[in-house]
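See the structures that follow.
Paired with subunit B in one complex and with subunit C in the other, subunit A is shared by the two complexes that follow.
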Partner chain A sequence: MNKSTLKYIGKRLLISCATLLVISVVLFLMVRFLPGSPINNEKLSDAQRAIIEAKYGLDKPLIVQYVNYFKNMLTGDFGVSMNLYKDMPVSSLVGDAAKISFAYGICAVIIGSVIGILLGVFAALHRNTIWDTLATVISVIGVSIPSFVFALFILIFFAADLQLIPTMYDESQVVYSSIMPVLALSVGVIANVARFTRTEMISVLNSEYITLAKAKGLDGKTVIFKHALRNALIPVITILGPILVNLMTGTMVVEKICSVPGLGKLLINSIQASDYNVILACSFLYAVMYIFMMLIIDVSYGIIDPRIRLGKDD
Partner chain B sequence: MAERERILKIRNLNISFKTDSGTVNAIRGVNLDLYRGETIAIVGESGSGKSVTTKAIMGIMANNGTIDSGSIEYTWHDENTGEVRTEDIVKLNEKQMQKEIRGRKIAMVFQDPMTSLNPTMTIGKQIMEPMIYHYGKSKEEAYAKSLELLELVGITDAEKRMKNYPHQLSGGMRQRIVIAIALSCDPYVLICDEPTTALDVTIQAKILELIQDIQKKKNLSVIYITHDLGVVAKVADYVNVMYAGKIIETGTIDEIFYDPRHPYTWGLLSAMPDLDTNDPELYTIPGTPPNLAVPVKGDAFAPRNQYALNIDLRVEPPMFEVPGSTTHKVASWLMHPNAPKIEMPHALKKRLEKMEKGGK
Partner chain C sequence: MKKVISIILSMIMVFTLTGCGKSSSNEKTFTYASELDIKNLDSSDADDGMSFMAMHACIDGLMSADKNGKAIYAIARKHTVSADGLTHTFKLRDAKWSNGDEVTANDFVYAWRRIFKNNGNYAYMFSSDAASITGADELVKKQEDKEKITDKDLKTLGVKAIDKKTLEVKTTRYISYFDELMAFPCYYPINEKFCKEQGSQYGKSPKNILSNGAFVMKTWNPGSKAVYEKNKDYWNAKNIKLDKLVFNLVVEPKVAATNYDSGKVDYATINSELVDKYKGKKDYRTFKEGYLFYLSINFKNQYLANSNIRKALSYAINREDFCDNVLKDGSFAAKGFIPSGLTTDDKGNDFRASSPTYTGYDMTKAQQYFDAGLKELGVNNITLSLTYGTDESPMDQMATYLQNAFTKLNGLKIDMVATTKQDRIYNKQKNGDYDIALTRWGPDYSDPTTYLNLLLENNSNNYGKYSSTEYNNKMDEVKTLTDNTQRWKAMQDAEKICMDDYAVIPVFEKGTATLLNPKKQGIIQRPVVVTTFNYIQVKK
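Now for the complex of A and B:
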């Protein structure tokens, strides 16, 4: 990595921080304007309510609340859960949930993109044959059927009927109980990546530099793997970032079906309970992930594709 | 003059493509000869089959194309024993083509240098690749030879350029690189598929000169595919005019330019823009090329030919030799001894005379 790349990354990091600052303000305001309140017990008297509000600092002006929240956030303190998990620190709540969701998301993306790329390349190489049609059918099914339907299908077939895997998340059997949600999540990735890879591969295979590579007298394998694949995969990498982020937000339903204690489930529960600090932390984490992912994608893009290698080298 | 050494001999080549709208007979009985150190040009409209012919020579036709009949005989001196060998490329399988012919004996320069280099590979790697692949050269040897090649194609700063990526170079430079790649395995035949069409006019002449220069140095045989008669006039020894998958007139450059016989060639020459013509409109050949998915009856050019005879619509004309020449041949019934004597259009005649005066 050269100097200009580092400079670029630095610049991007600064911009990312500014973006996150704006996001934190917007999120904070939106959460405060949610209907309902974390103190939702109707039996509380006004005096009791005031005491609780004072405890969580909700009685102060909004701007002061935000500044306090932001200050604490910088030290890694995201406050405590106001009602969902009484007074538990949010950072550990979200941290535990995010670990699971992260692991699932990354597994699904890795499994999905490897299979998807293979499928896409295969379809492109056998273009307009029965194999291509078959691969297309698979990916259309994968794109059009939501992941929770697959989750349900796997749940009914493999977990309930065949009893090969547990039906619910079981902490003593992490790997086994992860099979179902990860598989369900990766179907969509496979489908998207396969379709994208196929299109890119076909256009690359039709390009002149592939004809030139063939005209050099290289064998088919060299032409495909050394010349075509790399060029075809560059655009595929750009969609992996959004796919990963979508997966993490999209895991909500799958997490619910498979009873996985992940980030999605936590976010849904916290919104239902108006647990301000938990909602904020979860949403903010999604924002951080999204921006960070985009940064990684952009930088890796530059490493793979010399045309966008940042800055002038000479 | 020494005995001319024939390198390529194409006889009665027929190629068809299977498409959704039926079988397209893209090449219909092409004959072509290429001798060592000489340059031939294949001229014709888009879709006349010039590119297909050369792709067949390289064995890189599209998947839906098949060589139905004919032969492409390639003659070379064996690298080790020096004996003369002749092989019919049509009969070789894909593996032999790839290992023996493509890149090694016949190399190609493509039309658009902006798209014909791999954007994610350094120039150096792209030039070194075929040498390492075909001759098992070490990286150092390949590197040294690449530098030589880059200098040969007129690139300064060769060492720096080796590390560059295609997007860092201009179009003219890239075409020089493509030429360097083509030369990397010391081929005998260089096929240039409209090598200057995509380039700046100022660069065009330089690239043509470069190819000619290298041809002399390496005693290469060159096939130019082009629709630009200006290019043909500059570089070719022999010209083949192609129409609807057939060569309809062939001859030396002087014969084609100063004594064209086929009405289609007349049309092509008349359609060439120049500075002397007062006519406000540029001549174009009326009509469009025929659909080759439908069998051609008679002369394919007849419907667009104002000089067409009745027989042109019924029977395909054979190749007539132009009297007094061994090289000039024309596929037109107008050449038959019994045909009415038809002169080329007056305007064209004047134009060619002027060109001849200017040329000599």
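Now for the complex of A and C:
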């Protein structure tokens, strides 16, 4: 890695940190200006409300509140829940929820990519046949219908009627009870990956080096799997990062339907309860994920092809 | 291809078989699907129904409730009241905490003082607003004056451990509903040694809480599930028929109903959209929550100060139609300021059932009263605002319905003021910046005064500034009477005064529609009483 690449990475890191700082300020202000309050028991007297507000530091000026919050955040302390799970540390609440959402996101991406790639290759190889049309129809359905509709379908049909899988998340049968949400989440991935793979595969199959490989007398399998697919997959891999982040942020409704105690469900519940610290931690984590993924993509592009480097680079 | 198909088929078979194994329900388990989560298990801090239910499953207070919601002994085995009605002596039974410690009188003393020490929400339940325990008003005053409450101050609270098994409570006046009060979670005991060991983590997880009740909490995964097992050392263990109690937490009503249909849960709360599907089935049932939804009237508004205008508004509301065709969740028309099922007299008569009905729907009368009101005011038309919180379901439905109903009165224009619950109460109502506000009140204890006190001139919740000397005098009489029959009559008279004045306009009593496994009956859900699972019987 040469000096210019290191400098580029350093610059991107700095930009990411600055972005996160701005996001934290904006999030903090937005959350504070949300209608409602975490202290919403109508039977509390003014004095009791004041005591509770002082306990959580809500009586201090906004700037002081932010500075305190930011200082604690740097040490990994995201404060305590003010309403949803009274006085429980937010870091452990968000940490537990994030683990589940991450695991689901990664599983859905793996399952979705494998099936999507197979479907895409299959469609490309049978281009302009009924199989290609069928695969395209499946992809379009997968892209157009939101994952929570699939979740509802799986819940009603496979879980409730046929009773093949559990109807809700159960920590005593984690793998088994994760089938429904993971399947629902992977449908979108399958569709996206299949469409992308098909297009890439067709373009690769039409390229001259494939014609050369065939002319050299290589058998069909080798041509497809060793030459065509490997080249077609490079661009596919680049879309998996954003898909993963999208999945994690888009799991909210699926988590609600499948009763999964994930990050999305925690965020929705915390917004409903106006639980400032929990909302902040969840939203900030999403922001970190996005920025981190963008950073990885930018940096890897920059390393692979220095011409892509964003911004002015000496 | 054949290979792939055979792998898929065998996977489906494995899942199916596993499914059969796992889904076979244990008959002695009761699974409750809740839309809400458990917030907290600390009895000196928790203030929501789900947390109360979760605590009550594993903690007994001095008293508990029987199948009809009447107070019965729990940790107390005997309760005597001195001749002047001011000293309550509770003899405690031999009961154990789940760490093997005895439940002692000091556990109550510690827990009650802790509420003041930690500035808990329910300090007012000890004051003259409710239990009237000596010293409580002074401690609440200190709290309000932001003075530090010292250990010496805490000792002034009228609760004392005479010995390990005798608790003495002193009150400033005779409280006829003291037994019922003692079943409320803020009066639960806390094991001092254990609580101090847990520090700030007390009540935050199953390992940070002790049980002396019917069940022991084994796991609690926030947002997902809480599992309890029968407490074999419970003093009444022989009468507990369930082996296991499971709360599925934060489950959407539709998902809960689907789970109920598939036999995965025994109890589910459903919303009005689902009621038509289940109404009439043996699984369907409704219960009264005890919440009264009513209109707070601002008496400082020149138009609303006119009694004919208030009367007209009350007559313009078709409460039955709203409950039966809009809410459809078991809610029903309110007939007065005291909701039904709150309390009964010595003969078992419900307060509401034995009192007159003060509401009714009659548009002709409504218009007549309204016209009379306008004439008295010397105007042809008036505009009133309707303030409600959009974050308080079903206030939005109620507001829309009322707007429609009120604007049917010729000469009345309604301005909708949609805001948040916090803004409605603490900005709009508290500062008198409203005309009519949609509000609700849940009872703190099973006595009509939990509602009637709200309209006292000096009550901090009397936002509308209703003021009636006759009413205040009657309520003073209620406070001093020790004869239950006379007191009952005085409370009925007090309700009549405020209802004849249209001090507030009751709209409906909130109900909840649920699905319950017919083979697992016995869940007790009543206003004020914390939901209990202790009486559930499992039929084959």
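The working rule: the second predicted complex is superposed on the first by the 262 of 314 C-alpha atoms of A that agree within 3 Å, B and C clash if a C-alpha of one lies under 4 Å from a C-alpha of the other, contacts with A are read in each partner's own complex, and residues count from 1 in each chain.
Definition applied: contacts are C-beta pairs under 8 Å (C-beta built on N, C-alpha and C of every residue); 3 or more make two chains touch, one makes a residue touch a chain.
Predicted model, so just to flag it, every value in this text is computed and none were measured.
K.L.:
After superposing on the shared chain, does subunit C or subunit B touch more subunit A residues?
P.N.:
Touching more residues of subunit A than the other partner does is C.
K.L.:
Going by the contact rule set out at the top, does A:218 touch subunit B (first), subunit C (second), both, or neither?
P.N.:
In the superposed model, A:218 contacts subunit B only, not subunit C.
K.L.:
Could you look at A:230 and tell me whether it touches subunit B, subunit C, both or neither (first, second, both, neither)?
P.N.:
After superposing on A, A:230 lies in contact with subunit B but is clear of subunit C.
K.L.:
With both complexes superposed on chain A, which partner does A:45 reach: first (subunit B), second (subunit C), both or neither?
P.N.:
second
K.L.:
Can A:64 be said to touch subunit B (first), subunit C (second), both, or neither?
P.N.:
Neither subunit B nor subunit C is touched by A:64.
K.L.:
State whether A:174 touches subunit B only (first), subunit C only (second), both chains, or neither.
P.N.:
neither
K.L.:
Is A:18 in contact with subunit B, with subunit C, with both, or with neither (first, second, both, neither)?
P.N.:
neither
K.L.:
Which of the two partners, first being subunit B and second being subunit C, lies in contact with A:256: first, second, both, or neither?
P.N.:
second
K.L.:
Counting contacts the way the document defines them, which residues of subunit A are shared by the two interfaces, the one with subunit B and the one with subunit C?
P.N.:
none
K.L.:
Of all residues in subunit A, which touch subunit B in the complex?
P.N.:
207-209, 211-219, 222, 227, 230-231, 234, 304-307, 309, 314
K.L.:
With touch defined as at the start, can you tell me which subunit C residues reach subunit A in the complex?
P.N.:
Listed in rising order, the residues of subunit C that touch subunit A are 12, 15-16, 18-19, 22-23, 37, 39-40, 42, 45-47, 119, 121, 123-124, 143-146, 200, 204, 219, 221-225, 248, 250-252, 255, 258-259, 261-262, 264, 391, 419-423, 425-426, 444, 460.
K.L.:
What residues on subunit A touch subunit C, complex-wise?
P.N.:
Touching subunit C from subunit A are residues 35-37, 40-52, 55, 83-88, 93, 96-97, 155-156, 159-161, 163-171, 173, 176, 179, 256-257, 259-261, 265-266, 269, 272.
K.L.:
Hey, which residues of subunit B end up touching subunit A in the complex?
P.N.:
Touching subunit A from subunit B are residues 58, 60, 95, 98-99, 101-104, 107-108, 110-112, 115-122, 129-130, 133-134, 160, 165, 167, 178, 181, 185.
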